[in-house]
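Next up: the structures, one after another.
Consider the two complexes below, in which chain A is the common component and chain B and chain C are the respective partners.
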Partner chain A sequence: MGGERLKIVLSLTPPLLIIITLFFGGIFYGFLQSLGYQPAIGKYELNFSAYYNVMFSERYAKLFWSGLALNLWVSFASTFLAAVFALFGALAIRKTFVGKTLCKFIYSLNLPMPHLVVAVGMIFVFSQSGLLARLAAQIGMISSPGDFPVLVRDKYGFGIILAYIWKEAAFFFIILMSVLQSLGENFEELAQSLGANRWQRFRYVILPLVMPNLFSASIIVFAFSFGAYEVPALLGVIYPQMLPVMAFEFFLNPDLNARSEGMALSIIIALIVMILVVFYFWLTQAKIRKD
Partner chain B sequence: MSELKIENLVKNFQGMDRPAVNNVNLDINSGQLVAFLGPSGCGKTTILKMITGLFQPDNGNITLDNESLLPIPTEKRGVVMVFQNYLLFPYMNVNENVGFALKMKGVDKNTIDQRVKEMLDLVKLPDIGLRKPKQLSGGQQQRVALARALIASPRLLLLDEPLSNLDAHLRDEMRELILTIQQKLNVTTIFVTHDQEEAVLLADKIALIFDGELQNFTSPKNYYEKPKNIKAAKFFGGVNFINADLVDNKIQSEIGFCEYQGDNISDLNKKLFLTIRPENIKISKNNEFDHNSYQGKITSVIFSGTHTRYKINVNNVHLECSLQSVGIDNIKEADQVFVHLPKDKIWGMND
Partner chain C sequence: MNNNLKRINIYSIYLGALILILPLIAFFINAFSFRWFYPQVIPKELSLQAWVRLKLIPKPGQRTFEGFLDLWASNPTVIKALVNSLTIGILVTIVSIIIALPAARVLGLLNFRFKKLIIFIMVSPTILPPIAFVLGLNINFISIGFSGSFFGVCLVHLVPIMPYVVLTMTGIFANYNPDFEHQARTLGANKTTTFFQITLPAIAPGMVVAALFAFLVSWSQYLLTFLIGAGKIMTLPLLVFSTASSGNPALTAAISIIFIFPAILILVFTSKFVSGQSGATSGFGKI
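On to the complex of A and B.
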């Protein structure tokens, strides 16, 4: 018994060491920096002034709260819409028809695509100098490409949301396709024979069956989009600015004093995501206990 | 109570070299309990799915009370199917599962609660309404699935392999329950099975299906005593088949002249087969029989607990005779015996 336990401990130690050193070590050092600990510039005192500065100082408060609101809006909207598009796509594609494989391929194509490439693609297609604007001007729908609505680098984050929908719908799609294929159509056929119409079958059968997987995937997508930098950096505006972009700019500031604010922002982003994950686990555990 | 008529039903699937269902015709009377019997893949469930509307036939018609079902969508047919693996909605408790059909109809909650209670009482599960499906045994899940189907007051109830996932003792219990409920509610019911014993024990009539084609539709007793062809006879445990010729309304078989009382003699071809159940053959060391008595040799004796099975070679035709208990003491392997095929038990078939 003791030997078995030792084997488990020995086999778990290397990956745990990597996780603890790289993940918690980095976060812990970042947390110390957010508290003002920066030996390189002779700062050893620990305090919360960077957090206060970021959230409540006259200089940064407006930027922070507007950025947080934009972050929440972009993450919720893109996660929700990507899930909806993927769900309807998966429901349409799961039936056998000519061209099904091609449709699946097109739907899943974005998954291996880097976010950076997707963001650049958005600029090429949706910006006021992009393909759509030029095409619309060419066929006379608008007088010049400049009249095209601002969909990229806009203050509401439409461009960022579009990029995330474009990219994350593929992730949702792959998950939903495997769930729907494993479920088969028997539940729906049964519901149909019990008198459920198309909407009722969707509302009372499909949705509850796919919801646990959809919810888990949503948490992953939300957490990712809340903390990601490159898409908002390329497709966002200077004000309001999403928090990861703001944090990175603090970090790049030649004034090393600003690094604490950058770290404080990063810790706040991580905390919000962690709260969300804890809430998710609490919900799932509560459901398991209830069942 | 509803009367179902199936006419010239055909269904093809891509990639199959024969129709999944080929020209099936059936008339099922109101209140009857009918079995669709046949081996796996013979088209039984496909017919069931065409009746529910989940598959559209390529040809033919299905009428319920003289009204064609084909233009009516599944959800409005009043035909409810209980699937083989129960398919209780895992995220609903038993009450919610059973009340599903009424909820879809927009019935008020109090009425649903009352009807759910009635249905759970009917299937003898009155106290499990708040449990989730995974907290139920296989037998309980089957009963809940049945209650969920019956609450919809179906015009036609379809059961897909209702007993196949149950243990032997639960099968008996469930069989009794299905029979009791079907008789009490008098709902026209079709069930699919590949188990001939199950079909015989439950059904008023059996539709025997092979390779998408209906072989016969008759009472369970007739399948034993008056099978339509060798395939049907074999499916019901028939093992004795004798080549014969019909000459001037008399039958000359390969084991000798045969007196025949079957009521189908006018339907028989010149070349035919005779069959008889193993339990209807009599054997004796002395010739005690006044007709259809042939000499043969015992080739093996097998005792199987409740029965003893004798294999007999009669004029190079192998026949089997099954006698209750230990059989006949003085008849052993290699003995010469007289074999009697009673004229009222022997049956002629064209193919």
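On to the complex of A and C.
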């Protein structure tokens, strides 16, 4: 028995050590710095002034709150739209038709694609001299690049949302396909024989069955898009700016006081994501208890 | 009526596929046409100039086998970044599999106190954003001299990869029957033989998938490499990012094609393993 215990401890120590020292250690040290602890410039006292500065000072408040709003808008919109597109794609593609294998492959093609490349792809397709603008010019819809709507590097975050939809729809698609596959068509046939129409079958049969998986996938996508740097860095504008980009730029600022503020921002991002995840677990646990 | 509906359905799937593949089409047009002026949809002439400028293809007239070798041996930036990305990816994947193997076995086969807490600690890097830990870690790494080193970059890549490899392999061991090992041992096989003859073949398929996706996670890492590498370690994602920011579409497209090539290869290779049920898929959220 003692041997087994030793085996468990020895096996788990290396990966735990990596996660605890590098990941939690990094967060902890970042937190300390966000409280103003900077031995490099002889600052040892701890306070919350970096948090106050970022959120309420005249200099940064507008930047922060507009950034937070953009963050929430981009994450909600892209998660929701990606899930909806994937759901319709997965439902439609279940039937047999010519080219099904190829279509399934194309629908999952963006799954292993790095976010960075998807962001570059959005510039190539949606910018004012991109592929779509050229097509629109060719069929006479627009006469100059300026007539094409600003969809990349725009202040509403459309380009960022498009990139996340492109990328995450594939993720939702794979998850939905396997759920639908494991369900089979029995439930739907049963509902159909009981007289349910297409909408009713979708709303009362399929949706409740795929909802748990769809929802947990949404949490992953939301959390990722809330804290990721590359896509908004390439496709965003200077104002309003998404929080991860803002945190990073504060951090790179040669002024060492801005460093504390960058750390404070990154801790705020992590806190929001954490609250969301805890809320999600609380929600699913509450639902299990209710059932 | 019903037939019409079906046809619309199928056409919308084709349309969706076409839309999804538009960026890829744009990558190839950009990479193989140096002057693709607005509003041409199809470029007037094809050109390899982007590839020549990146020193991946020799100038016309030197395109012999030796010409290619000479050019690549001169170590152009793209080749350097490619070699760095590959080395870091392969190294980190091997290390993560070796570290994860015993842990996943214990987590998948045994029940013990604090198991839930340990799994919770392991998965936390998959939920919390990398920017939350890497800023603090960066300063620590500078003070102990890991910053800007190859070793430091490999170490920091382990953070997003570790949880994901441990979880995938825990799933494999949860469906694994260790009784076969006991049988082999009673028949006289030693520990090493048992591992290579019994355990490894049983877990190999799942392990290969975990390894391929671990590699992809490292391959597409931008922020961690940028901060910990401190500008000294150039990898492909860093090159794509800086070229894209400086705005030459042909060069960006050509580097991007090299960058996405392994991703597509891995998808083709593993498409039958990839399903929402497998833990492997959840790792994609991080790429």
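By our rule, the second predicted complex is superposed on the first by the 284 of 291 C-alpha atoms of A that agree within 3 Å, B and C clash if a C-alpha of one lies under 4 Å from a C-alpha of the other, contacts with A are read in each partner's own complex, and residues count from 1 in each chain.
One rule holds for everything that comes next: a residue touches a chain if its C-beta (ideal position, glycine included) is under 8 Å from a C-beta of that chain, and two chains touch if they have at least 3 such contacts.
Everything numeric here is computed off the predicted structure, so don't read it as measured data.
Engineer: In the superposed arrangement, does A:Gly42 touch chain B (first), chain C (second), both or neither?
Structural biologist: neither
Engineer: Using the superposition on chain A described above, determine whether A:Pro254 touches chain B (first), chain C (second), both, or neither.
Structural biologist: neither
Engineer: In the superposed arrangement, does A:Gly3 touch chain B (first), chain C (second), both or neither?
Structural biologist: In the superposition, A:Gly3 contacts neither chain B nor chain C.
Engineer: Applying the touch criterion given at the start, work out whether A:Pro208 contacts chain B, chain C, both or neither, answering first, second, both or neither.
Structural biologist: first
Engineer: Now for A:Asn197: first (chain B), second (chain C), both, or neither, which partner does it touch?
Structural biologist: The first partner, chain B, only.
Engineer: Touch check for A:Pro15: first (chain B), second (chain C), both, or neither?
Structural biologist: second
Engineer: Where does A:Lys95 make contact in the superposed view: on chain B (first), on chain C (second), on both, or on neither?
Structural biologist: In the superposition, A:Lys95 contacts chain C only.
Engineer: Quick one: name whichever of chain B and chain C touches more residues of chain A.
Structural biologist: Tallying touched residues of chain A, the top partner is C.
Engineer: Considering only the touch criterion stated at the top, classify A:Glu189 as touching first (chain B), second (chain C), both, or neither.
Structural biologist: first
Engineer: Spell out the part of chain B that touches chain A in their complex, as residue ranges.
Structural biologist: The contact residues of chain B facing chain A are 49, 52-54, 74-77, 79-81, 83, 85, 87, 89-91, 100-101, 103-105, 132, 134, 148-149, 152, 158.
Engineer: Sort out for me which residues of chain A touch chain C in the complex.
Structural biologist: Contact set of chain A toward chain C: 4-5, 7-8, 10-12, 14-16, 18-20, 22-33, 85, 89, 92-93, 95, 97-99, 102-103, 105-125, 129-135, 137-138, 145, 166, 168-171, 174-179, 181-182, 213, 217, 220-221, 223-224, 226-230, 233-234, 244, 247-248, 251, 262-263, 266-267, 269-270, 273-274, 277.
Engineer: If you look only at chain A, which of its residues touch chain B in the complex?
Structural biologist: 186-187, 189-197, 200, 204-205, 208-209, 291
Engineer: Under the stated contact criterion, what part of chain C meets chain A in this complex?
Structural biologist: By the definition above, chain C touches chain A via 6, 9-10, 12-14, 16-17, 20-27, 29-30, 38-41, 99-100, 102-103, 105-107, 110, 112, 118, 121-122, 124-137, 139-140, 155-156, 158-159, 162-163, 166, 213, 216, 219-220, 222-223, 237, 240-241, 244-245, 249, 252-253, 256, 259-260, 263-264, 266-267, 271, 274-277, 281-282, 284-287.
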